[in-house]
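Two complexes are shown next, each including chain A; its partner changes from chain B in the first to chain C in the second.
Coming up: the complex of A and B.
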């Protein structure tokens, strides 16, 4: 519920014009300010509201009218972090219903997703709401919150604070059902944009990171790994030149101590200059590059070289050949890196 | 359009000098919460360009001191703003560059900084509690500059950074967060100060950093995101600490940064054609310095301060940028 008595675009009375605020002594900001070019919120309204805010902070007042005041300020300037903090303190002091506050925040966040304070405030509310004394069904709260986060991400799919908040929420509730629900969610996002690095990172977080089931049996873990390897192979075949997918593949192989060489049959077609005619044969375990893919795929060459050098023996020579191709033809920007790998390998250093 | 090979130092000096004049400007008011940081960015850029005295020293010192939050025992970004660890670091850096560190109550500031460390090892920015490895870096950097690093619980701090390490070798803002070049920079620099670069899988991370370079020569902060001049610093400083700056294409990055210069009003923007600001001006020049661009002073990538000052304090770590090219080449 908004404590504002009018909508934003109807000019309200200034606090200095309202009789019910006369008992507060406004305090102006340090610098004398000459008349600015009127921006969206650097207005007499903002100056007036923040003057009265400084006034109530000084007296330590926490009351309903402070909720109105802080709401007005954060709507004008979501970066005003002390207004957020003081608002939270006031919510607690007035025993305001926090689930109602969350709903209000849903509206405000729509304008200002990139501001950290929006998410920090939600974190405080959620933590307080789910603490023992106020617990409803925590999973309900979490589910509603995940839906809200999803709506925000739909508008800005890689927003760093938003993703971080989603990860915090999942870890905070640590509910098996919620973790499982993330897989179809990430899948939807990757269907929209297979190159969304945040979504790939989140998948790792959910499957192998904080969300991984500590009670899983080795057999179950093995199944999960195979499922994920199949998943990332499919995504690579759809769009081979996608660093996030290859990073994910390397990440899960390292995590599970799976040798890179097990992926040789899959990787090789991606390292050729063109999609070969015989590649029309469908191999479910080793999906081929789509016919419009730009080949050879640099990440595949890199991966292949890595698999060879780790295998050792004559693999080292094969890796060197691939690194030469990368240095001289396919990834000349990072020439010095590829030459470093060649030098190291020829000097017999192991990774 | 002819390619821009020159760094227009006098123009950028004028740009930075003019920043304090525009008190009527919209951006000036919207960015009050970054004011002290902005002064640090401006002063560092000027110093690297060899024009440290372009801004008045006494006025600057007085402004820094007016940001002192006596209740908290730290510096805020603006007078009347609450103390914040980032502003506190900026204050210390400015005062060191102005040879006025004696103005700081080192005991109180140390206490303020240490009070922000959480049980997990990460640091909050201020009493409102935003947690981020950026604030951990501000704390470690500031304590080191003040000569009080020994009061920090190093193990706890390093442990937190280790837990922020992701499957791609990079680091995020908090445990579980996506790898991002800015976070990689601060985690790497923090580990360098704490002499714990062993926490990093150096080859993997240096490769991930090199992969930030896009065909246009600029760097992005994460895979499949846009290039931005400020990543020239975040990525390069980490590479310099890992001694792998050679792994990127220096010529292309230099050309990219220079193409983002605003040749009318001065300053550098996030990318060519956009409005310049002091943040991107500083980080563009910092990047050029690490690339050995002629006519610039050396910048220490661990502390993001003029290298001579860090040397003088005996704090230099084992980093390596590209050799400084002579003017006229």
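Coming up: the complex of A and C.
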């Protein structure tokens, strides 16, 4: 396909120099005042291509050469959303092979991961490719997409757009087999970087969010919760000062209405200086911090205080003591916040 | 550093930041081509910075400001989806038709409409040219079935950023007939993540910018005084506050997500979110100012992080953050005019907009 030009192409001719474009009337940009806001000093190539683009949009032309033109503009300015919109329209109007387009997009996406339009265009393509009329096997397509997303996330493991796209894809196809691969994927990412909050967020999305299976029995749900609590405890024991893991723990306890106080035996060793174990008994349910951990851990103190204050009664006093420690010793940057928590608790606002 | 008060804060080099913004208003190099479709936003960040720094009048000349107003009005376009502002004339041909003002590929944009209105108010325009009724129709065209908004009436992604713009414009016009509020509020609430912040869309990871959009929108909604506590219950409010507070890093700056590094723009998004929730006074504002001071570029402008390159967006967000959460030991050069934290403009600019954007204000401008 001629429009699949590679990025290595050197200085292609301007459209105004190409005989095959002579039938298009280029339209220059409207700019009526002498001193507009933030004018951009366009390159001759950009000015030329967009002049011809305004020309074809005006006549409504949809053709293979419009695909070439829009690709060229998108490569110069991936945030040119009109070029994306018009390209998509042209793809449909010319019955262009969308799998070829997707291959081209693999390359463009990897270079423009932070551009909204790149991901939106991909959603449109995948939706169209798997629609009834084209009858591409949805699960095969989605599986290939997950592999592509994995490759791109390997370049930038916290890219917001890419994660959003992965979550859209899973929810859109909502296939049990696809969901099954997600936890091993998250495991791999967390083994690589236990502080990757996007991976933790994805885990929540898969287990408790959109991916949770509504047909699960209460017993199955209970098992899943216990599995997740064990998982996050293990991750905390490896790296206690990791807000992502603590936020996940709090999130799943709140989701399941599980009292924070059920985690007291686990949390307490993280809220004081390291104590050398006096025996060899390993409590697998409550993994302890290692000797090189920075203790006490702010997130653990915060959690413990929360557990106390929610339990009420004399718990409020215990929580206040912990917040004072945080305010004056362990987390002085948030001193006023911890004092606010004390004030709220003493006024009886436990939330 | 945070509580000693002994470390002196380097000065906020206002004049050099104003020069940076002024240079961007004058023109951008070809390397900035990605903002071609959103030059109005660059204009807003630059003009907004000058407004906050108190240097708009002294750093720019009357003829320029007049030309910028004319240019902004040229971005207002009417058509089948209503009336709004484009981000630039990047798709508009020199043969622009005065009657059929835009094509399907050259429509106004909701985000650009919001930033145009603020920019015009900063330039103290009388808003006589504003098509109020058309703008309401345009907002309506941008709402999706799930309650969200997209920037464009005929496609593109929809998210909380655009919800915020729709809510703010409706609040400015004091006319909410363009929004199906119940659906929008349900959408906003679906964006809250287990961490306490709001994602860009439902099921998204908690993010500073969209958390601000959610909180500001809920506070702007017309029945907010009676219903806010049902939209943000005490438990949810506590969780959101906790997450926001947690995002202030040891360097004093805020990150936009858990375990990410600090970024000057999130000093505003997270800091302003806390201010909206009534916790602005509880932020360590000395440490915050310390971080912003380190993000100042030596030749003007503020960058997202120390040693990075400045741009009008991070300059504006940094200065806005310093207006909302000023260091408690005030120094002359860090003193800035107060900001309306929901609309995100100085209170003086907001007052101007409020007075001129009404039907009566527009009628009066026509009469004069």
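Here, the second predicted complex is superposed on the first by the 322 of 351 C-alpha atoms of A that agree within 3 Å, B and C clash if a C-alpha of one lies under 4 Å from a C-alpha of the other, contacts with A are read in each partner's own complex, and residues count from 1 in each chain.
Criterion: contacts are C-beta pairs under 8 Å (C-beta built on N, C-alpha and C of every residue); 3 or more make two chains touch, one makes a residue touch a chain.
In this text, all values refer to a predicted model and were calculated from it rather than measured experimentally.
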Fit or clash - chain C, chain B, common chain A: clash
Which partner reaches more residues of chain A (counting touched residues only), chain B or chain C: C
Contacts of A:198 with chain B and chain C, given as first, second, both or neither: both
Partner chain(s) touched by A:160 [first = chain B, second = chain C, both, neither]: both
First, second, both or neither for A:58, with chain B first and chain C second: second
Which of chain B and chain C A:243 touches, first, second, both or neither: both
Partner chain in contact with A:43 - chain B first, chain C second, else both or neither: second
Chain B versus chain C as contact partner of A:340, first or second or both or neither: both
Which of chain B and chain C A:76 touches, first, second, both or neither: second
Contacts of A:254 with chain B and chain C, given as first, second, both or neither: both
Touching partner for A:116 - first (chain B), second (chain C), both, neither: both
Common ground on chain A, meaning residues reached by chain C in one complex and by chain B in the other: 29-31, 33-37, 39, 42, 54, 79, 81-82, 85, 116, 120, 158, 160, 163-164, 167, 171, 195-198, 201, 204-205, 208-210, 242-244, 247-248, 250-252, 254-255, 333-337, 340, 351
Chain C-touching residues of chain A, taken from the complex the two chains share: 27-43, 46, 50, 54, 57-58, 76-82, 85-86, 115-116, 119-120, 158, 160, 163-164, 167, 171, 195-198, 200-201, 204-205, 208-210, 242-244, 247-248, 250-252, 254-255, 302, 332-337, 339-340, 349, 351
Residue ranges of chain C in contact with chain A within the complex: 2-3, 24-30, 32-40, 42-43, 46, 63-64, 67-68, 70-72, 74, 89-96, 103-106, 119, 152, 154-157, 193-196, 200-201, 203-207, 234-235, 237-239, 241-243, 245-246, 248, 250, 252, 257-260, 279, 281-284, 287
Residues of chain B touching chain A in the complex: 23-26, 29-30, 33, 66, 78-80, 82, 126-130, 166-168, 172-174, 176-180, 203, 206-208, 210-211, 213, 215, 222-225, 244, 246-249, 252
Chain A - residues contacting chain B, complex: 29-31, 33-37, 39, 42, 54, 79, 81-82, 84-85, 116, 120, 158, 160, 163-164, 167-168, 171, 195-198, 201-202, 204-205, 208-210, 242-244, 247-248, 250-252, 254-255, 333-337, 340, 351
